[in-house]
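Below, chain A partners chain B and then partners chain C, in two separate complexes.
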Partner chain A sequence: MDHIRSKKFLMILILVCVTSYASLYGALTGITSSDASDYLFLALYTTSGSSIPSFMSFIALLGPFVGVILGFDGISGEKSERTLYRIAAQPIYRDSIINGKFLAGTTLIFMMVFAMGISIGALGLLCLGVPPSLEEIARIFVFLLFTAVYISFWLGLSLWFSVICQNAAASAMAAIGVWLFCALFMGLVAGMIANLVYPMNNEMQALYNSFGNYTLELDINRLSPYYLYSEAVTTIMNPSVRSVNVITVESLSGAISGYLSLGQSLLLVWPHLAGLVALMLITFAGSYVCFMRQEIRAK
Partner chain B sequence: MKETIIQTTGLTKRYGEKVAVDHLNLTIRKGEVFGLLGPNGAGKTTTTLMLLGLTEPSDGQAWIEGKDCTRDPISVKRIVGYLPDNVGFYSDMTGRENLYFTGRLNGLPEDVIRERTERLLERVGMTEAADKKTGTYSRGMKQRLGIADVLIKDPEVIIMDEPTLGIDPQGMRDLLRLIRELSEKDGRTILISSHQLYQIQQICDRVGIFVDGRLIACGTIEELGRQMESEGKYTLELAAEPDNDALVQLMSRMEGVDSVEREGELIIVRSREDLRRKTTLTLAANGYTLLQLRQKGGDLDEIYSRYFEKAEKEQQSKAASGTRFPKLGRSFRKE
Partner chain C sequence: MVMRQKIYSISAAFLLLFLTVFSAVPAFAAGGLEFYTDYPGISVKAGDSQTISMYVSNNSGSGLDADLSIVSIPDGWEGYFSGSGSQISRVHVENGAESTVTFNLEIPEDAAEGDYTVQLQATSDTGLTDVTDLVLSIQEVQYGQGSFEAEYPEQEGASGTAFSFSTTLVNNSAADQSYSLSAQAPAGWQVSFQPSGESTQVASIEVAAASSQGLTVSVTPPENVEAGDYTIPISAASASDTLETELSVTITGTYALDLSTPSGLLSFDAHANKASDVTLSITNNSNVDLQNITLTSSAPTGWTVTFDESSIDVLEAGATQEITAHVTPGDSAMTGDYVTTITASCSEVSDTAEFRVSVKTDTIWGVVAIVIILALVAGVGAVFKKYGRR
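For the complex of A and B:
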């Protein structure tokens, strides 16, 4: 309730709305000019227009923002407004405070993500005039589920920071710092480490190490929830993605080019979903433990 | 003697090296107003937080109405209302909504909440401002709303942390009257922690003086005053004509005088015995006209500063002899 009415949430909601409708517009212009694929409806979410990124990449980038904004002053804000004592002096268990914060945030995130996704679909349906198949709807549903879990992870993380940091600004900075690192620098760091472990300075080394190098880089990248999420939703929303790991020429030989069924796509990204949920739970558990151990007292 | 409602035995809290509360044994009886007095950083807030189970004691125990404050904080919090120092409210909610929220957290039925809120808003004089956002409230208004907020759960015990801080004189009078009323009319037990002596003096049945985590004196104000006198500490305030240095010298030569100071128009004489009669005679014999003479004592301010001096001296002597109390100095932890 408080989240929905607050100004900062309205701001982020407007931002997300505007960008997603812009991405829808981009996708529509992109689709009409390109050839019609078999999964036209999914293309609404994945196609990027001439200069506008797709809905999917927008959400991957902006989603964390939503999570951080909902969570960053969860506990530290109560502290600076000095309401935490009043609440803590009421006959409730202390963990219900933090549980409430997290549950309220996730509920809102789920509502927002599904509302956005479905409204994009509805608008796209009006413009395209092509009804989605059952499989497409299922894929979109899975995509939205992934997105909500992903954003909830960021909520958990920023809530954790808000327990640790004394003021809201510090916790916001910390959470945004982590987000920037994951989104921008993780790839560079992963490449660097992979090159250190499996150097590819000359042709000989490249021959021996390229497989190890690439796999290691991928593994490190996957530590970042941003990469994990992007990889998973690309697979879900694009049935032509057949593997998320390295494929050798031998394993490709004799393969028939075609689309994966939803079940097979899901099988590919199952570890990703498990990873994201685990990350989300870890951040929440972290904030829970920190909060329960923390002393509630003035400054 | 009424029954005991709050009791602590050997309650101790350590923060690393610093002992915030040192083996506190406190007994508070039902229906009394108890003032916990001490300078900033004496451990008053820590004590109140331990009573509420918000901070875990390092040692010792505390009970409120037979309930262990550390083990069973939920049932303690059900009967104890806490008014923190500089109370805060959700600034985007109105005063009334804030009270409703507290009521719901206490699991009260809606109609009870509604009825109590109106009655309490009336009682603290906040009915007109109840529908304004609390973000716009002044400090005094927040304090009054805070009292309503505490009373909504109809507590048997009320703990107030520095309730008189930053309130104007009129607000102060209202607040003190209200506190007295809560004790006398409603029969609630009230524990006030404060460093503002005058206000507390007016309303407390008993006070405890708290310095560096230790309770150095406890009792009614008269008891404390008598205790001081029996220890042979007297303070005389006097003014005389002609007011000159010879007068000061005359006073300091008098038998039993510890020190003589000048404080504005007045001369303060500290002594080991009652000097009133002797002073009158001596001054008259030396050609002075006595304008004012007053024996100080029974005044909390005086008691407090005397006790405080005593505690300081003890500490210094302990530090000097190198016993188990390290010198803590005056750098009190900020509350």
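For the complex of A and C:
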């Protein structure tokens, strides 16, 4: 209730709504001009318009922002308003406070993500008139699940910062800093490190090192939850993606283009899902441990 | 002696008289006019038109004109004289020369067998006359046997070829005949008769007297006929005649090899680095045995394909053999579909089957991921237990 009535939630809800519908508009204009694919309904989520990114890339970028907004002042806000010790003085278990903060945020995120995703689908259905197949519905469901877990990870992270930091501003700055680093700078850093380890300055080096270089860059990039999530949902939402790793000419010999089944797509990104869930649980566990070990007293 | 001499002289006189009288008769009869032909006796056929060259020669001492006439001719026969393209009745003959005229004779169709005499006469204005007899003998027509012959009686082709023989059925008899047509083909062969230029199949055909009829004989061997030489006697039998001929067909070897799976399904699932078995069925659809069939494969880089038996020594005509292939996708195979081509070939023929191999990710990794997530949940649970509820 706290969250839903709050102005910051209203703000991000409006932001997400506007961007989502803008991306839907972009997708619809993009679809009409492109040729019909076998998975037309999925294209609603993955097609970008001429200047508007797709719903998928919007969520990858703005999802963390939602999580951070919901979590950055979870504990530090209570502290700065001096309400935390009053809550702690209530006859409730102390872990209920942190659990409640996290679960409330997670519930809200799941509700928002699924509401947005389904409304995009419904509006798209209205405009396209093409009903989704069962597999498409399942893929969209998995995509939304990934998205909710991904945003919950950012909620957990910002909650952790809010436990560690004394005031809300510092925790917000820290969380947004991590977000920016993952979304924007991780790729640059990964490329830099890969080039240091496997230099590709001349043709000879490029010949020998390119595989190692790209593989290393990919591995480093995957440390970023942003990249991990993007890769996973791209695989889920695009059945023609067959490999998440570097594809060699050897792998391509004899390959024929075709679609993977949902099960096979899921198996490709199981490590990603496991990684995202693990990150979410680890950030929550971290914030939990830190909160439980903190001293709470009225100043 | 005197008496004897007298007798002699009388005899000589009589002899002389005799000679004079008798030698004078032909001279009188011809009177210097002769009417004759080269071959007074000829053999003709009923219905024939004969042109016979006749000569009129004149030794009478002066040129003369002669009437030409037919003294007697059998009933129904017709004859007239002609010369220089015109019908004539008189001819002029110079002294010491001869003229040629042509006698045209029409013999009726129904003239019976026998000898006939046509008597022709030439009579000059001066009273000279000569008669000549033409003896025409009509013999019964020597009817030959009919014939039944094929233009190209020996043909060659692969199994599945429909052979077509052009035959001619000749009726040499004087009467129309109805021939019933039949063939003694080996079991499974189909033989049909069609009049030339028509598509109707006939079992018997009417051929007019002294004429011929073209027949197309279609011979269709059975599907699974073995290579070899086949002889098909065909016959046309009428009431009086049985005509036979033989058609000979050489079936050459056709080679067909079929590579598939027992179910016909040309796709299967495989896992990277793990052998997947696929049963191949190799069928010899040719009409001869095939020797030394070898199996080869063309797979993506890094893949291995092995066979239980990589060659078949002899595969009999129509026989099928199953061989298991073990397809192992390479390490670098991505999830999804690949094409692997397997070829069965012998020196005569080959067949290729393209298999769509769906490389699947092992479900074990999904299980591992779930185990990791469960372990993490258990870890969080342990954290709860350690720090919670105090």
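As a working rule, the second predicted complex is superposed on the first by the 297 of 299 C-alpha atoms of A that agree within 3 Å, B and C clash if a C-alpha of one lies under 4 Å from a C-alpha of the other, contacts with A are read in each partner's own complex, and residues count from 1 in each chain.
What we mean here is this: contacts are C-beta pairs under 8 Å (C-beta built on N, C-alpha and C of every residue); 3 or more make two chains touch, one makes a residue touch a chain.
Predicted model only: the values in this text are computed from it and were never measured.
Colleague: Could you tell me whether chain B and chain C fit or clash when both sit on chain A in the superposition?
Modeller: Pair status: fit.
Colleague: Going by the touch definition up top, name the partner, chain B or chain C, that contacts more of chain A.
Modeller: Residues of chain A touched, chain B against chain C: more for C.
Colleague: Which partner chains sit in contact with A:Y93 here, chain B, chain C, both or neither? Use first/second/both/neither.
Modeller: A:Y93 sits against chain B and chain C alike.
Colleague: Taking the superposition as given, does A:S243 touch the first partner, chain B, the second, chain C, both, or neither?
Modeller: Once the two structures are laid over each other on A, A:S243 reaches chain C alone.
Colleague: Per the contact definition in the header, classify A:L260: touching chain B only (first), chain C only (second), both, or neither.
Modeller: In the superposition, A:L260 contacts chain C only.
Colleague: Classify the contacts of A:M292 with the two partner chains as first (chain B alone), second (chain C alone), both, or neither.
Modeller: second
Colleague: Output check: A:I282 vs chain B and chain C. Expected answer is one of first, second, both, neither. What do you get?
Modeller: After superposition on chain A, A:I282 lies in contact with chain C alone.
Colleague: Considering only touches as defined above, state whether A:M112 meets chain B (first), chain C (second), both or neither.
Modeller: Neither chain B nor chain C is touched by A:M112.
Colleague: With the two structures laid over each other on chain A, which partner does A:R82 touch: chain B (first), chain C (second), both, or neither?
Modeller: So A:R82 only meets chain B here.
Colleague: Give me, in Å and rounded to a whole number, the least C-alpha distance separating chain B from chain C in the superposition.
Modeller: 7
Colleague: Considering only the contact definition stated at the top, list the common interface residues of chain A for chain B and chain C.
Modeller: 93
Colleague: For a test of understanding, state which residues of chain C touch chain A in their complex under the given definition.
Modeller: That would be residues 299-303, 330, 332-340, 356, 360-363, 365-366, 368-370, 372-373, 376-377, 379-380, 383-384, 387-390 of chain C.
Colleague: Applying the document's contact rule, which stretches of chain B touch chain A when the two form their complex?
Modeller: 45-46, 49, 52, 54-56, 74-75, 77-78, 80-82, 84-92, 102, 105-107, 146, 149, 153, 334-335
Colleague: Which residues, counting only chain A, touch chain C once they are in their complex?
Modeller: Per the stated touch rule, the residues are 93-95, 242-243, 247-251, 253-258, 260, 264, 266-268, 270-271, 273-274, 277-278, 281-282, 284-285, 288-289, 292-293.
Colleague: Okay, in this complex, where on chain A does chain B touch?
Modeller: Those residues of chain A that touch chain B are 2, 5-6, 81-83, 85-93, 295-299.
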